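What follows is a pair of complexes built around chain A, which joins chain B in one and chain C in the other.
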Partner chain A sequence: MGVMRALSMPAMLLAFGAGWGLNPAWAAGAPATAGSPDAAGPPDADETERAERWKELQHALFGDRQIQDGSAWLGIDAPARALDAALVPVSLTVKGDRAIKGIYLVIDNNPGPLAGHFIFGPQGDPHSLKLRVRVNAYTYMHAVAETRDNQLFAAARFVKAAGGCSAPAGADEQQALQDIGHIKVRLMQPFAAGKTMEAQLMIRHPNFNGMQMNQATRLYTPAMFIRTIDVSYNGAPVMHLDSDISLSSDPVISFGFIPPQKGQLKVLVRDTKDSTFGQSFDVPAPAG
Partner chain B sequence: MCRRLRDSAPALLLWGCLAVGAGALGAEGAAEPEGFWEGNVDAPTPSTLHGGTVVHVEDVGTLLRQGQAVVIDVSNTPRRPAELAPGAPWLPLPHRAISDALWLPGVGAGALSQEVDDFYRSRLERATAGNFDVPLVVYCHEKCWLSWNAAKRAIAYGYRRVFWFPEGIEGWTAAGRQTLVVLPQGPAIAVQAPITESPAPDGRLPALAVLDLELTGDLGGPEFEAEHAARLKTESDRLRQDLQGTGLYRILDNSGAQGMIDTLRSQQAYLHDCNGCDLDVGRSLHADQVMVAWVDRVSGLILSLTYEIHEVQTGQIAARKSFDFRGDNNNAWNHAIDYMVRDLAKK
Partner chain C sequence: MSHPARMSRREALLAGAGVLWSVAATMRGRAAETALVTEAVAPGIHIRRGVDEDASAANGDAIANIGFIVGRNAVAVIDPGGSLNDGQRLRARIREVTQLPIRFVVLSHVHPDHIFGAGAFEQDRPEFIGHARLPNALAQRGEYYRSGLEAVLGKGKAGPVVVPTRLIVDRGQLDLGDRVLLLTAHPVAHSDCDLSVLDPSSATLLAADLLFVGRVPSLDGRLKGWQSALTSLKSVAASRAVPGHGPVSVNWPSGARDLDRYLDVLLRETRAAVKRGMEISDAVASVGLSERGKWKLFDDYQGHNVTQAFKEVEWE
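What follows is the complex of A and B.
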């Protein structure tokens, strides 16, 4: 159980249930269009400002590259109102068989807006990604998919949550650092050669973002967060993630991969202290 | 955070549902602590404040219309973690507040340093012209203890009409009320102010590597060595923070080139005058520009501060200016650095 003590079932069910099991908009496959509000959207008065923010971010992140509306096949989902701003579940999906190079997750109104950049390897399957993020203010989130022919497509979703970036890591920093780097992988389907399997990756890491104040000492906890996660299967890349301070502490990331035969899934995590944590997992998982 | 959730998952769920359902904190809020709250600041707050009045959007609107109330926003300022990868965008939103609120970050912490406490007390005194009957409206975010603490503190200072607005800016905005962009005030502005100026026309801020300040001229002898070393360090940090606060640059973290900087330092007297070795540092950090700055100490009284900004690509000097100042002490250096950055930002 080691690692997963940190993610007990009620918390997990709460986080995942709210985001992925029960959201009707998601089930109906009704993603919001890029830059315009969906049913759960904000009042119109703020829309201009939000659109301008997104324009500014597009420039900062992608320069002059054109970004097309991908909402017909690119999905981004999150609870319209998050229970815990420090643990907002986000789900990114790709429909159809477009060749996807990578996906950017942008949380528009976070001070560090680029929450993550996923790059898919030959053994990766871009159709479904899930992760949990911190949200600092009511915001649009944008998924930007980059196709292998270098086109960019975006889809958006509005989320009401605030304060996730300065939420303290907990009463006790030391405890948050316990078991740091423990990694666990859960395979969500039985093994079948050549078929996509969904894996849930759980990493024990406080991901301190430098904005959390320790009320007892009145000092800010120094930032220490995960920079990259690499997943490979029998040596071939599955997924690379450049992450940032917007990733929640004790990250949980679900992704797809395609195992051509039985083998080993390897996870390598590197943080800002240049500590690396790695672990390999048998696929299929050993019985018992 | 996971632990926080796990420990309090049922309570949180219950609270979350209430908040969504009722749009406000119910009687199920936390109990009022004896003193100031020193726990997690993002947590359910009490529904009461002893000695003060809890108000909601409509009440705040009424208080504003009556025109006397002083509104105080005690939200934290966002800080760029130094560990953020060079090139990672850092673009905090301009801070929006209720009407013309005073934004006083830090005054809602569980315990205050003497400096912040003095500041808060005197800022309130100034804003109310010393009249303890002027209404004060204190807020930050929803589910945020900082405003509860700051309101309680104002009551302790002697203010008789303190209104605490627990729904905060989120509640205000959700009700479709007006907000204004404001700048932070006070000594507890954490590391940097938000971006207040629009970025470069192409939308990308130039990436600037700022090398540590250097000291030239009459160094005053060995007894000043430790003092100067410490001052160069803190003032270099101040320079970077000030520059970041202008919103004109993306200030890079130098740690990626620390090895190179250390080597150069062992070989060169000054990195601001080393035949362009600063450009190598800039290149290795993928900077657009490098800033070198130094203080020339003519004596313990007469000093000057100079900066140059170099284009990494071409080596050309993009900007250069000197400022004279008086006094080899922390205060004088602080003022010189702040003045220099303000001057630079005016261009």
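What follows is the complex of A and C.
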């Protein structure tokens, strides 16, 4: 009954129905655990394996460094069951006044588990980050915060989604390539000198991760994805992101920055082809 | 399908005339049994109502409205069905109605519930007609759909990926003798490769998935593109339309009213959500709830439709 049970997942049904084309749920093979949509957490039988996976990843990414439980103040949030595995919204939050150097986002069961490493500059505010990622299999996600005194803290979240990495490209693939490098910034609050503003950064980039196959030629669309994003304010660093194949196409990233006075927010994006795309935005945004 | 003509010479020789006769009778009986049920929505236009469900082993992916048009000289299939068996049953039904050659098989767009029956018609050597972007869409997704469908229906039951042999860039015609069908290839709308068919002789529009009635629409293209496709379709000279999902026939253009409203609500409320700075995850939970209860399968598709709309609208 594995298949039939799996079919009770709306996300999977979508794929066949009137028809969402891109449903990724079964791209990577429907997970046998798909049958309990309302279960609160992952099935116990798989927990040992998942814990083992995380242990391996910790070692690979952080060596012998100790990672403490940060769940009291470090938040990682994502839908328990993703509607679109190629676009899973993730929110990372930091409560309190700890001095944070950077945050790692690890998607344990993705082919490239380190989805992103954010490093905050003097003009950055680490309290809230939002991004959208691809998820390839039922997985834990981990946020790992590194404090300025070099301690590591982690928090975890389980997400039910599958196939997001190898899902066929969207209906507007050609359009996406045409628009590559187009950058938009939205400022979500009015300007006040010295006060945190949230900025929503949008980048047109297909972020081909090398896992999308052209089914006719049996060739994979060559990888071409964003490697780094640098944001500065009047020349001072706000945030640096090392990203990888897990970032969704047309990435949207929200972050906080602290403008000491009016000025310019500058964004510089570099992809794996070494193409760079940059743009500057006035703060506050010009009226109209 | 097996057919008396397909029996080997040896089998035929071995079989006595009486046995052969009974075999043929059995075959005819089975063909009649497996033929699916269609309704004549206009003279010569036969449509099978798809069930308002998602694909399952039980329904064999017979979930889309599919059918055929009979002219003086030939038959055109407009969507061959959701699986090989669905296509075979449609073909059996055609043979109950007419022995005219099946010259054309229209593939209205890339989604599996409409086209995986195409393999049943390869024996007829028809022209397979598709949107100019269909080959690329099939290259991207065909095998992915096929293996996914097979996981639902069982091994070997999905049917092959059939690629179009004639592409429609803008407009095209299919001549059935006494009636000429007009094809329109649309810009990105429900999907990126939607083809609609107009039969002027009966003033019937076969809209495929550009028209949903009763079953919640699914957006896999461009919301604003779908709205403009619908606007242009409403102006064609048709008094009835065949939706891709829903009843086999609705009055036209009044039959577009619900879909119009749905797409309008989706666009308006998604825009408002983006404008307020709402996150995509919050928009998914709040946009378009006034439409809930007006559509079957709403909860299964709404979140996805909002996600698609959000990605489109946030770049405005």
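Going forward, the second predicted complex is superposed on the first by the 243 of 288 C-alpha atoms of A that agree within 3 Å, B and C clash if a C-alpha of one lies under 4 Å from a C-alpha of the other, contacts with A are read in each partner's own complex, and residues count from 1 in each chain.
In the analysis below, contacts are C-beta pairs under 8 Å (C-beta built on N, C-alpha and C of every residue); 3 or more make two chains touch, one makes a residue touch a chain.
Fair warning: this is a prediction, and the values are worked out from it, not measured in the lab.
Once the two complexes are overlaid on the shared chain, A:G210 sits against chain B while remaining clear of chain C.
Contacts of A:K130 after superposition on the shared chain: chain C is touched, whereas chain B is not. By the document's definition of touching, both partners, chain B and chain C, reach A:D250. When the two structures are aligned on the shared chain, A:D84 is found in touch with chain B and with chain C. When the two structures are aligned on the shared chain, A:P111 is found in touch with chain B, with no touch to chain C.
Here chain B and chain C are compared by how many residues of chain A each touches, and B touches more.
By the touch criterion stated above, A:K184 is placed in contact with chain C alone, chain B being left untouched.
Once the two complexes are overlaid on the shared chain, A:Q200 sits against chain C while remaining clear of chain B. Put simply, chain A uses residues 6-7, 10-11, 14-15, 83-84, 87, 168-169, 171, 213, 215-216, 250 to touch chain B in one complex and chain C in the other. Within the complex, the chain C residues that touch chain A are 54-57, 61, 63-64, 82, 110-114, 135, 137-145, 147-149, 151-152, 161, 188, 191-192, 209, 212, 215, 217-222, 244-245, 277, 279-281, 284, 297, 299-301, 303-304, 307, 311, 314-315. Residues 1-6, 9-10, 12-13, 16, 20, 37-42, 76, 78-85, 88-93, 109-111, 113, 141-144, 170, 173, 176, 190, 199, 202-205 of chain B are the ones that touch chain A when the two sit in their complex. Those residues of chain A lying in contact with chain B across their complex are 6-8, 10-11, 14-15, 43, 45-46, 53, 56-61, 63, 81, 83-87, 109, 111-114, 136-138, 160, 162-171, 175-176, 209-211, 213, 215-216, 218, 220, 222-225, 227, 242, 244-245, 248-250, 272.
Across the complex, chain C is touched by residues 3-4, 6-7, 10-11, 13-23, 26-27, 30, 79, 83-84, 87, 89, 91, 130, 132, 168-169, 171-173, 184, 186, 188, 200, 202, 204, 212-217, 250, 252 of chain A.
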